[in-house]
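Below are the structure tokens for one structure; questions will follow.
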Amino acid sequence: MQNEKINFLKTYLSLYIDHTTVLEDLNQPDSKYVLLDVRNAPATIKKDQIKGAIAMPAKDLSAHLTELDKSKTYVVYDWTAGTTLGKEALLTLLSAGFEACELSCALEGWKGMRLPVETI
Amino acid sequence: MQNEKINFLKTYLSLYIDHTTVLEDLNQPDSKYVLLDVRNAPATIKKDQIKGAIAMPAKDLSAHLTELDKSKTYVVYDWTAGTTLGKEALLTLLSAGFEACELSCALEGWKGMRLPVETI
Amino acid sequence: MQNEKINFLKTYLSLYIDHTTVLEDLNQPDSKYVLLDVRNAPATIKKDQIKGAIAMPAKDLSAHLTELDKSKTYVVYDWTAGTTLGKEALLTLLSAGFEACELSCALEGWKGMRLPVETI
């Protein structure tokens, strides 16, 4: 049972990336990560997003895969960690052969740490 | 590793149903889904519930399985997405041969979207 | 697919322990569980912790494994259920051969139930 737990945790954790790693990379000239804001809400509801993120609602993602870059790693996020939208987007990206992970703690955690956002 | 991630995400997401799908179904004359409110709190603490839900505390679920209908799909929910009570109820239902899933974002998400609730 | 869901849920739930079980055990003279507060924040940010917990930031855990007791079961917790820090600590502990699980609903849930905390 311990091995099953360990394998489960390894796979689970491999789906996530923490905000520190993302933020440090985004400050580099040739950053590897691209943030995708997969919230389905309109801009009037979203109001702001993580600085430098691309708005890519999960419901539209499949139709926009050809615009994405296979040399990048996409970091998806939704409002909070409690939703399943980020994992839906992640499944779409991984199934299409992209490198992708979910931002640990989502937008809520990013804002809670007072990390950079921008008005949209 | 990508295949493991994809399989993990597929199984994870198969456990959930989103509020839109549930709400549309509940508005049909012959709805397929039945909401089970599995919170263990007494009614005085719960105060309200999703409109049309059946109060079925997770701690009592095993004793009430014979009252459930195998032609329905049960949608369980707890207070928030962060608890494990919904998944405990889900395991009980699936192990007993019922179709069941967990409401994505739980009661908190339902109320956040201002979807219909009722006083209890 | 039902078997995959059931196995997934069993493994997922085996990672967690609920606050009632922990609290009852901690009230025994020879308790089995030891709470590890794995938050990485300094004490000035944390302010309080679960009563009797040991402060063991996840970032320092690997360096302190030799101080832990293989006859105990370690219960890790972070601020909320939405973070991945608890699961990172859990993976470290299980991989090193310790018995360990994560506190369901984390510190947030413990405080929400008004269970005992202590100033640090």
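Residue numbering begins at 1 within each chain, and the chains themselves are lettered A, B and C in the order written.
Note that a residue touches a chain if its C-beta (ideal position, glycine included) is under 8 Å from a C-beta of that chain, and two chains touch if they have at least 3 such contacts.
Everything quoted here is computed from the prediction, not taken from an experiment.
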Requested in this report: Name the shape of the chain contact graph, picking from line, ring, star, complete and other.
Outcome: complete
Requested in this report: Taking all residue numbers used at the subunit B/subunit C interface, answer same if over half belong to both copies and different if under half do.
Outcome: different
Requested in this report: Write the angle of the rotation needed to overlay subunit A on subunit C, where the fit uses Cα atoms and the result is rounded to the nearest 5°.
Outcome: 120
Query raised in the report: subunit B to subunit C: how many Å between their CA centres?
Result: 26
Query - Touching two or more other chains - residue numbers and ranges from subunit B - result: 12, 80-82
**Report entry** Touching residues on subunit B, where the partner in the complex is subunit C
**Finding:** 11-12, 14-15, 80-84, 87-88, 90-91, 94-95
Requested in this report: Would you tell me which residues of subunit C are touching subunit B in their complex?
Outcome: 1-2, 4-6, 8-10, 12-13, 16, 18, 80-82, 104-106, 108-109
